[in-house]
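Chain IDs A, B, C and D follow the sequence of writing; residue 1 opens each chain.
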Amino acid sequence: MSKKVSSISRRSLLATAGAALAAAPLGANLLHAQQGPIRIGMSMPQTGGLAGGGKASLLGIEIWRDDVNAAGGLLGRKVELVVYDDKSSASETPAIYSKLIDVDKVDLLFAPYATVPTAPIMPMVKQRGLLLIGNFSFQVNSKVGHDMWFNNAPWGPADSWATSFLDIGQKAGGKSMALLAADQEFAQNLAKTAREVAAKRNLPVVFDQAYPPATVEFSSIIRALKASKPDIVYVASYPPDSAGILRAVNEIGIGDNVKVFGGGMVGLQFGAVMENMGSLLNGVVNYNTWLPEKSMYFDGTKEFFDKYTKRAVEAKIDPLGYYLAPFGYASGQLIEQAIKAVGSLDQKALAKYLRENTHKTIVGPIAFSPDGERKETAVLQAQFRGVVDKNMEQFRTSGKQVILFPDNLKSGELIAPFEAARK
Amino acid sequence: MTLSDTQPPLLRIAALTKRFGGFTALREVSVDIRPGERFGLIGPNGSGKTTLINCISGAFRTEPGTVLFRGEDITPLKPHQRTRRGIARSFQIPRPFRSMTVAENLMVALDFAAHEHVSVGQRRDTMMSILEQMGLGSKANVSATQLSQVELRKMELARAMATQPKLLISDEAMAGLSSSEVDEVLDLLLSLASRDITIIMIEHIMQAVMRFSDRVMCLDAGRIIAIGTPSEVMADKHVQEAYLGT
Amino acid sequence: MTRSSIAFWAGAAVFLAAVFVMTQVVGNQYPFFAGYIILQFIALAVAWSILGGYAGYVNFGTSAFYGVGVYASVFLVKAFGAPLPLQILAGAAMGALMGLALGLLTLRMQGIFFSIATIALTIVIETAITNWRYVGGAAGIQIQRPEVTAPFDNYVQMLFFVQALLVVLAVAISRYIQNSWIGRGLQALRDDELAAECTGVPTLRLKLLACVISGALMCAVGAPAAMYLQYADPASAFNLNYSVSTLAMSLIGGTAHWSGPIIGAIVLATTQQLLTVTISSEVNVLVLGVMLVLFVVGAPDGIIGLIARLRGNRGKGEA
Amino acid sequence: MFSLDLLLDAVVIGVLLGCFYGAVSLGLSVSFGLLDVPHVAHPAFLVLASYAVYFLNEHYAVDPLLAGLLITPVFFVFGLAAYRLYYETFEKRGSDAAVRGIAFFFGIAFIIEVLIILQFGVDQRSVTADYIGKALRLGDFRIPYRLLVAFGVATALTVLLTLYLSRTFMGRAIQAVAQDQEALRLMGTNPVKIKQWAFGIATAVLGISGALLIIVAPVDPTLDRAYIGRTFCVVVMAGLGSMGGTLVAAIILGVAESIVLTMFGASWAPAISFAMLLGILAVRPQGLFGRRS
């Protein structure tokens, strides 16, 4: 009972406080300090297959929390994160989010990293009419149709990914495509859109294979792919496999007619993998979300990475953190701007604001389409160049991954064919 | 075997051979056991005694060769089916159900092998009376793991008896026992035999075999080398060679 | 009915009544979400130990049965919009068939070979589901729940109650088996398969029976999970975690008595749920590992065994 | 798509891959195959060895194979200790050792997983050496050196273990203990000592196998779970306790997998190999080269 009373009074206090904020910040801070922090709840994969990404993403969010708290918090209240481990599994998240909503009574929800843990909570947040900031899940809202969902990932429309890669390939003279995808959730979704785009463009698919998880050796599969003599090779793979595939490509060769190779290889964004792969990376055109190219620095980006680099070492996570961490930070910025503009924690109002405006973040301006995905894709396609072995620091400099797409962020031209780009 | 036999045999073993890979454990063994007979089976270590028992009780598959029990060909039957038809056995190294009490050990037999369907109460009575006969009455609720060696042997016999067998095979039930214990078990077996149960006894203790058996068969290297009355077999020179070593 | 039967059924009735009242009174959703998981593991552990505990055949394929239950539901919902009871029945039927097939294929093997075969079976089935595009394949599938039926006003509350029913069913079957000739036969064959055969126990048939019952129950338990998650993907549905957890729960509780797996599942599943919302990191996995090792080393007969030993000691002290 | 070239290639790669599977299963072939220890933590030990190799390679630039050799004594002692613990707590108590043993080793596997995560983080790791990332060219064929290393190591290990088991006193004692413990006890030898020694050997072999694991592909802390099925399958398929059989069974598995990956629907590869195992178990429960009748 007492809880209910306090939450009602909290809300009414908020309204007054919001108005008073601009006029008397110091007084407001005192007032709100007694109210307790704004609590943001989420699950995050910290064990299991998605843990690597989950931990990096969480660190990004934590840096945002510390920044915002250092600047006095939101609505004069401190921001606090309530985070549970979902073990990378879909079966854990419903109970966790119920705990966050019903027991912890958090003020706002962030989604866990990746599609699998996010999918089961979508119907729940829709039913309860709650705002949810998505975290790199793929087309998880397309069937549910929740209008208070906003994905921080730069994916954009479902097919934009395949479109941009095939554009690059076709411009380089590619007339046929080979498709190699992991038999897992994300990769299969990518493969599906790639097939659709290829069909639309009458681009023949000369090789189309799904390889099973935990495949050890890719030599034979690459050999078969090579035998099909494709011009464009689109690969949708997961971290352990991406390395195996690249090794096999390097050892077996892929043929002189291949113009571009890559596209959807997860793992080639993570520092440890990139360092280990070293020169094997050269020539690969792969998707990315953020890269240290001049065009990618926005307000606060550099400061963020300064902080991240320091803290990642202690936390034993990805030292580069390009892929997920800045977007975790951006999730915070989205909510920060919405709360500041709306002046309350009213979820409907926050969602309306998020839907209708363009938001400035450290990963560039973000605007949403009605389904809660980015209006325009901001997925980069970049080519690895001049990478040497066993050197983590090289990836912090520009020019190692030249951005080919999108046009407004472009930092160089494709070198084709693939074998030429490897030298 | 002899013409004086008017009754059909209880158990007929015909041309039984058992091979393990390249090793032949039994070679063309043929023998008839008469109803009510006390049959002794002897032979040096590794001569095939236990293998023969395993073939009779169904633990091993045999081919070629057949086993007939009361006129029925039981060669294709599984051990539990043979048990239900009336063949019970004990094991050379006792194999009690370790997680159970003595009473429960017997109840398994009564639950699964009893020929007529009787109430739980009646089964308990049967179980207790068997235990009393075997001198294990006071041990009914003791865990099988806490029995002494001789008690274990007795419990094995009791469990076998609880299946209400027509043929009981006792595989070295006296091995490792003191001489007074040997006498105890021997008396038990003799009292069982007096109740129309045919018994095949495998034993190394010659005195016991001589005292117990109507007929004795000696195996060596998987073949029958002698069969007849105890004294005949003891006098056989092949048997003496087999035991004294070649 | 014996006195203990009356006590058991009275207890079951009280439990179900309490669960039902809870669904009508408690407004907070979290107890139902977390409780569902705990109930699910109780039912799984009880079902598992019919084969794994009584018969001593360690089934590593819990996740295969669970996953097949999940995907039986997914298929029925997608193809026919089948209602929940039908999903569970179909799951049970699939599980029984699978148990039979697994049993026929592998129960002639000795202990550990059977376990290995169940691992292989899990991988084969998971691969098949992964390649079955109709139910979403590797990409997973989102499922819409139908409207909830009275007297429940929330689907998860209903699922919670349904899972409680499944728990009672599983425990009743397990208890019946233990107290009947089936249980004695299974216990005998676990102790010594040859001795059991020679005492008249039809070991193969009993093992098959245990395998079928255990499989049917595990699949039935998995079936409502599709509706609970409203999402299914092979990697989650066939997670090794189910196999290891049920094994761990049964052993921690003790397999000698039907109540062992219940106690083990309550202890371990509750601990895991608590850890998920408290410590929440790899320490969670560490706790499972340490608990497993401590229990199998320190309390080989599980919590049941510990209690029995304590009682025994006290009894001796008094006497 | 079908071509003889591709098939031949798939077979060659498959044989080499099979050798790799064999090498990571050999330890289990001793510990489970000969000693009947349900060692489900075998793959966790394997991954632990890989991380040890990674550590030596990363910080002291030790060649991975050499690093594998360097850690074998440590793993030998580790194995002695692990068996002692297992024996004192399970085997000694008799019945049900298998069931509890499995749970025990699962527990150990989880603990190892977490310790690796705490020490090295969750990212995947790999090693560098001259023979990683390059291939041998034979006309049109290209064979990765990594796999040739796996081939060499697997053959060497198999030959050494077979010789050890058949030619040395200790090796023969290990074989004997697998056949008949009682007989050995009668001979006045302590079977526990021998089994402990054998388990030590099995674990020591893992040092080199672990090196191979990280040479062939990158490792991450939870990789062990993927190898539980694979290694046990190889050992069971081979029939318990035959070293040569283990290698042959692993090669069959590797070739089957490779052919399916190349020629048919790649995503069916795991189902094919494990269905094969199920088939073999159903028809021939003692495995292809089994010691049991």
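Basically, a contact is a pair of C-beta atoms (placed from the backbone, for glycine too) under 8 Å apart; a residue touches a chain by one contact, two chains touch by 3 or more.
Note that the structure is a prediction, hence the values are computed from the model and not measured.
Counting only chains that touch, the fewest steps needed to get from chain A to chain C is 1.
Comparing the chain pairs B-C and A-D, the larger number of C-beta pairs in contact belongs to A-D.
Separating the centre of chain B from that of chain D, both taken as means of CA atoms, is a distance of 45 Å. Rounded to whole angstrom units, the spacing between the C-alpha centres of chain A and chain D is 38. Centre-to-centre, using mean CA coordinates, chain C is 32 Å away from chain D. Among all residues of chain B, those that touch two or more other chains are 98-99. Counting partner chains per residue, chain D shows two or more touched chains at residues 95, 117, 265, 267-268, 270. Residue positions of chain C with contacts to 2 or more other chains are 127, 130-131, 138, 191, 282, 285. Interface residues of chain B facing chain C in the complex, by the touch rule stated above, are 57-59, 78-81, 83-84, 88-89, 91, 95-100, 104, 107-109, 111-113, 159-160, 163.
Of all the residues in chain C, the ones that touch chain B in their complex are 181, 184-185, 187-188, 190-192, 194-204, 256. Only residues 46-47, 49, 51, 83-87, 89-92, 94-96, 98-99, 101-103, 115-116, 119-120, 122-123, 140, 143-144, 182-185, 187-189, 192, 210, 212-213 of chain A touch chain C when the two sit together in their complex. Contact residues of chain D toward chain A in the complex are 1, 3, 5-6, 9-10, 13-14, 17, 20, 117, 120-126, 128, 132-135, 142-147, 216-218, 220, 222-223, 226, 258-259, 261-263, 265-270.
If you check the complex, the residues on chain A that touch chain D are 47-49, 51-52, 55, 183, 209-217, 219-221, 223-224, 227-228, 239-240, 243-244, 247-248, 250-253, 267, 270-273, 276, 280, 316-318, 389-390.
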